[in-house]
Amino acid sequence: MLKGKVVGTIVSTNKFDSLRGYKFLEIQLKEKDELTDRYIIAVDRSISAGIGEEVLVVTGSSARAAVGDINAPVDAVVAGIIDKLQF
Amino acid sequence: MLKGKVVGTIVSTNKFDSLRGYKFLEIQLKEKDELTDRYIIAVDRSISAGIGEEVLVVTGSSARAAVGDINAPVDAVVAGIIDKLQF
Amino acid sequence: MLKGKVVGTIVSTNKFDSLRGYKFLEIQLKEKDELTDRYIIAVDRSISAGIGEEVLVVTGSSARAAVGDINAPVDAVVAGIIDKLQF
Amino acid sequence: MLKGKVVGTIVSTNKFDSLRGYKFLEIQLKEKDELTDRYIIAVDRSISAGIGEEVLVVTGSSARAAVGDINAPVDAVVAGIIDKLQF
Amino acid sequence: MLKGKVVGTIVSTNKFDSLRGYKFLEIQLKEKDELTDRYIIAVDRSISAGIGEEVLVVTGSSARAAVGDINAPVDAVVAGIIDKLQF
């Protein structure tokens, strides 16, 4: 999984019908304590992450498993909000 | 998902029969507000994105799910046009 | 597979129900003898790797195979502890 | 999909039996008009691309779909020859 | 597929039961004629590649297809020994 900070919401009117109702978040990836200059766009179905929150992102075909629809056209999904990194 | 700007159309005569009728767009990837020097080629089946438009791209096996044909030989598909990034 | 050093545990309260009981480790990736500045978050289901240990990580859809649940929303799993690299 | 220029053919005698008869091309990846210093090895089953030609490459599990054998041990396949990039 | 030079064998005692008997090789990736500073760990089931040999590596879900066990928790497999690159 990847982790990152939510920086915004993608607004898209003309998209696949199968994506109607999905919320797309742009997420700035983080390596341990450092924000990088790489981003990923992930679907948030049930976590309701807000701007600035740190989230866990599941990618690839596992993202389809994560939304519970093996035919969903998504490749990255927000799987949880990260409270902290414990040592 | 990834996002990027459509920069051109790939013309290919000698290709898999199963790819006949597919439109291939070359897309310059974007990290938040910055265009990068990385590109991806994605199929556009139903969105009809034009040159210069910003699009959402689904990759990997989820791209096959996105075109509704689990046997389609494609690994990246245009899933929508991005209107804006909201904060 | 990738290898890396366990650097911490991710604490997440608000996450998918299907991830309850999973332990998430943050792992610093290693290229041969060199630690990199890239990290991955992997599930540890049965290996019980501790902070500082070097582990083997399986990624992608193979991670779901690794936890024995093809619907598990995970894309990286700790598959073993590395004792040494033999030449 | 990726695109690149065919730079050579990989010769391998000791390989999986299931790969007998496959032609392996080494391909220098191209980002729009620029050749990069990254390469990928892709199977050419039916396109018969020659050295110097620019090709379209399908990767991941979609490559298995592309060769029409879901059990083929390949992760990149030449899907077509690129004639030009149209603006 | 990727190619690279075998640089060592990973020794792991505490690992998934399903990985018992698998040989794990650390492989230094090569771009055409240049060794990189990137490495991957791949399973060698039947090729018996030795230290210093150049090998072809299949990655992702295709690696599971390559070992003939769609549930094998592996994401990279040695598929052949490279004799040479022909122009």
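Per-chain residue numbering starts at 1, and chain names A, B, C, D and E are given in the order in which the chains are listed.
Note that in this section a residue touches a chain if its C-beta (ideal position, glycine included) is under 8 Å from a C-beta of that chain, and two chains touch if they have at least 3 such contacts.
As the structure is a computational prediction, the values presented were derived from the model and not from experiment.
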item: Any chain that touches chain C and chain B; value: A
item: Chain D reached from chain B - shortest hop count over touching chains; value: 1
item: Copies chain B and chain E - rotation angle from C-alpha fit, nearest 5 degrees; value: 145
item: Chain centre separation in whole Å, for chain E relative to chain D (CA means); value: 19
item: Distance from the mean Cα position of chain E to that of chain A, given in whole angstrom; value: 31
item: Sequence positions of chain C contacting 2 or more other chains; value: 60-61, 63
item: Graph class of chain-chain contacts, one of line, ring, star, complete, other; value: ring
item: Cyclic chain order when read starting with chain A and heading to chain C; value: A, C, E, D, B
item: Chain A residues touching chain C - in the complex, by the definition given at the top; value: 1-3, 31-32, 34, 46-47, 56, 58-63, 65-66, 77, 79-87
item: Chain C partner contacts - residues on chain E that touch it in the complex; value: 7-16, 18-19, 24, 26, 28, 37-43, 51, 60-61, 63-64, 70-76
